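Encoded as structure tokens, here's the structure I'll be asking about.
As written, the chain order gives the labels A, B, C and D, with residue 1 at the start of each chain.
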């Protein structure tokens, strides 16, 4: 395999698959009224060091969109990075699930929000009320779409801004584990001011299991309605809950992320060795590089799996590692670049 | 087990679980670009005897709502039985996904649509255009919410009505297999005029796998957008496609349904033996009965799992069988009623 | 004129037109920040004997739909009569503006809600939460679509039900003035438990002016956003506010309604005299009768303007009077029926 | 008056008011089935030199949002300038009426779209289908939010791009007349490739009357449903149609616009005389200037009506002229700046 297209092209971690098998016994309450969901709720409260409300979804798009739908009114504005997944890769799902809330594209270096831009926009919006969508939420991705990570002080600055203007703070945590192991901090992002997060597991070893976590359960008192109405209340929910239980058990999630991140660092070293430009700091499990047409074409031709990113033809390429990436994958890529350079 | 609450409280059929395990090997394209999805598409074309377009979802609610969203404009009206699942059990999901289309409650005996009522409503709506939602779709459930089945001539009458007025015809097939084995007909409902269906597998042995089938692929040329935007384009789609492949392989779906239906007939016999009124013809895997408070309370107290149906206190109760229901379950229920009758 | 099609086929009352002319002078703040809107707000507070929040719209459909959008969550259920205007004559506007809330058709005699039906539905919905849309609002029409009127004790019963289950109570007052003059009560419906109403003026002499009235201004603290986003924040709002000011001035609204109602009673007497069946009590400005094909055709042929109501061919017909209807109109109709009866 | 806040703070042109008065006679069909609407339809066909479908609204926000709702699917993307009215001043109305379509902010000088940016985005979106909203429409404002005007060749370039990629082209013509008199071209924008436009009259002398014009009536065959459902089908439509009839009669609209534009030019000269920076070319009836805090505060204090534009504190200010602006207004402003400069 020399496939760095995404962390969702791989399969399921054996421990998670084992948990699915084990859950297949006897009857259980449906729609989340099962013993696995109950245990998972407790596990999440423990990990996040507070009482949380949790709801599972089968996709990250659903997790993000449903979470946002509970955090903003339909006339609300959601500040997100111009390259945020919710803004560019979910085909308008946030607009659908929120009933038409407005995503406001925010610029910012390295995939991180420009806080001043948001502040100015909020001020303008409030002064022109109600002609501009009501500033209602800031959504950040941790890690970002560019594989970078908000440092604690950066997160704090955004959280303070949100709090000052009475906005909710949402975190898209599709690659949350990858950011945690880099930062070496507690998962309890609510302490920094996050109100709700999309907690991803699929990209880090699960089959299909994402969780929406509300750190203030009061925000979620009617979320069961959103969940059901959003088509995400799976009837045999135990098979989704058990995935996350296994994912959290014995820090499997952190181990997987640690591995994926280290593979990304190794990948970066390979590119650097070949004098290929690294476009963004490598802080999680993604590496963005600028490839010459010669190299990109050679890699494609020789079975390399990866995507061009952004405007077609711009020369920026994304490589993603996962908990399954191994030294052999890296070796293959290294060799391929070498061969290309000698021809 | 004496649990007849639903066909979704049970686990996954061993053959389907084996298929999931087997799919967990190597990399595959994400979002449906995998070999399992490809094979499934071919299998469905074969079973339905025509070229179809298929999209998978993790819930039946999503399958129904997304299918409808492609069949009606947001200003459209959808005729459905007043007790249809889309009308009473999906928390407004069809309204969300269709962008606010209107579900029009249609009365009718045994859970089946009153065709004259629909015809009159369409005539009135068209004559008062545009003040009434545009008649756009008829949605039927096969089997119905009351475990009854549209006979071929009944289906034909509805299809002709739909065709005459240029409406689409949608079938909620959450228990489609159960209806097929009773009728002994081909699955090719498009020959009767069905335009799209929600093809359920979860209630009949799968883990979480439903398919939206478009019999006229032209209706689905942009459905990939609906699918993604609806939060249902699972990234590791292979694990959903493989469930349906195993489900269809060697007629497992029909065998499972045959078993569940036979258990329902046996259940009906037990109730009849005890002079308990059967509320609707038992044609699939559901039995509706009228229980006295004495019996219902006794059954509940002794571990019986089942739901009261409709208005609380009305005395109507639903019992559902599944591919896992066995003679012992029936025996336990029989004994329990006997004991109740002697005290 | 022998045109009883509706109370919206006539023009504008001279006093209201004069007010529009008079408002056309100098500059005024736009979007409701004008002196007329300010004065109107005060006038409404006086008439309703409490602090209210008001927002104007150009149609009754917008007034109803926007009001409801602030009273129910998108996953909410709205109980309304099966023949309510919001359910049958607004082409799905409530579904659009509420983001997909569900209108639940309630049966009931004479166009009035069956309270027991609603109670049972709420009980069932709450017990099956979240599978059924959350019971969120009851909407009544005063006068009803059939020209009947809720008596104070009937309104009280509904309001108590709403309060008991924590639902909002909305009143569609497209013909509110007509109901008031019949009942001879204060307009302060909030004392009976109404939370918000659509206050109609267009059908009773205005050009295009409806008001959404919130009796608990707390419900409307962000309604400016709904108003703007709903496309109803007219820039030159003074020309809408001045209509309502003139409408309320010197009880013009009540005088207009008194006249229209008295014409309806006279109309009823004409029908009764000719032994034509009156279908519903005549309590406002509408008369519903059952006409033989012979009479209905003769009337149509001789220039009679009126509509068949409900199912095409059912023989039920609606006649509406307005503040402009006069004795000559009635005389023409009387003569026409006489002529028909002798041929 | 020294009020340049907007062209909607003034009243109604006397000829339009006279038309309203004149329309107030006898009965007319409701909801657009009146003689005025019929005549207006013909007048528009004549002016636009082709068969058009027209629908009236009471606000420009409704006109834009409803027009777009017929031009894009709910999963569609709408390219518009980052400062377009639909993107920044309509509180999310386009998102509401389109069922959640995505507005994509496009940069560009002088309020005009950067065509290359759009082309690149479309290419990326199509290559990543269906993860990015489907490119469905380009919306331009003529004149733009900054009072500039697309020249024929600029419009042609955008239209060709739209056509090449099969997108619809919408024009927000809130100040369409102002652009026409500057360009001196025919109103028949469809010849340049515009599919539908919002035709504004309120800012140019009407009371409340905007028209949605479809140049390809096929696009509008079910628009009556959108119109009604959007709460914009005014019952006494004649009073809106007659405004537009008077507006178009004897080129009143062009005369009004010619006057407003000339006042803007005169305003620009005053600012230039005082060495105040003009921010954008003055091509319609808006002048944007950069004012020092001293001048802006002095003007505010002395009764000047105008708005700061964009980020609060940025120093950019907008002045708008209308068909009612006269030399005295300009003189007052000129004097005020003079006085400020000497203190």
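Assume a residue touches a chain if its C-beta (ideal position, glycine included) is under 8 Å from a C-beta of that chain, and two chains touch if they have at least 3 such contacts.
Not measured: the values here are computed from a predicted model.
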By the contact definition above, name the pair with the higher C-beta contact count: B-D or A-B. A-B
Far-end chain from subunit B, centres as C-alpha averages: D
Any idea how many Å lie between the Cα centroids of subunit B and subunit D? 49
Note: subunit C sits from subunit B at a C-alpha centroid distance in Å of 40
Measuring centre to centre with CA averages, how many angstrom lie between subunit A and subunit B? 34
Which residues does subunit B have that touch at least 2 chains other than itself? 74-75, 90-92, 96, 99-100, 130-131, 133-134, 225, 228-229, 233
Subunit D partner contacts - residues on subunit B that touch it in the complex: 73-75, 99-100, 129-131, 133-134, 222, 224-229, 233
Touching residues (chain side subunit A, partner subunit D) in the complex: 74-77, 88-92, 95-96, 99-103, 105, 120-121, 123-124, 127-128, 130-134, 310-312
List the residues on subunit B that touch subunit A in their complex, please. 1, 3, 5-6, 8-12, 17, 20-21, 23-31, 57-62, 65-66, 90-93, 96-97, 202-203, 207-208, 225, 228-236, 239-240, 305
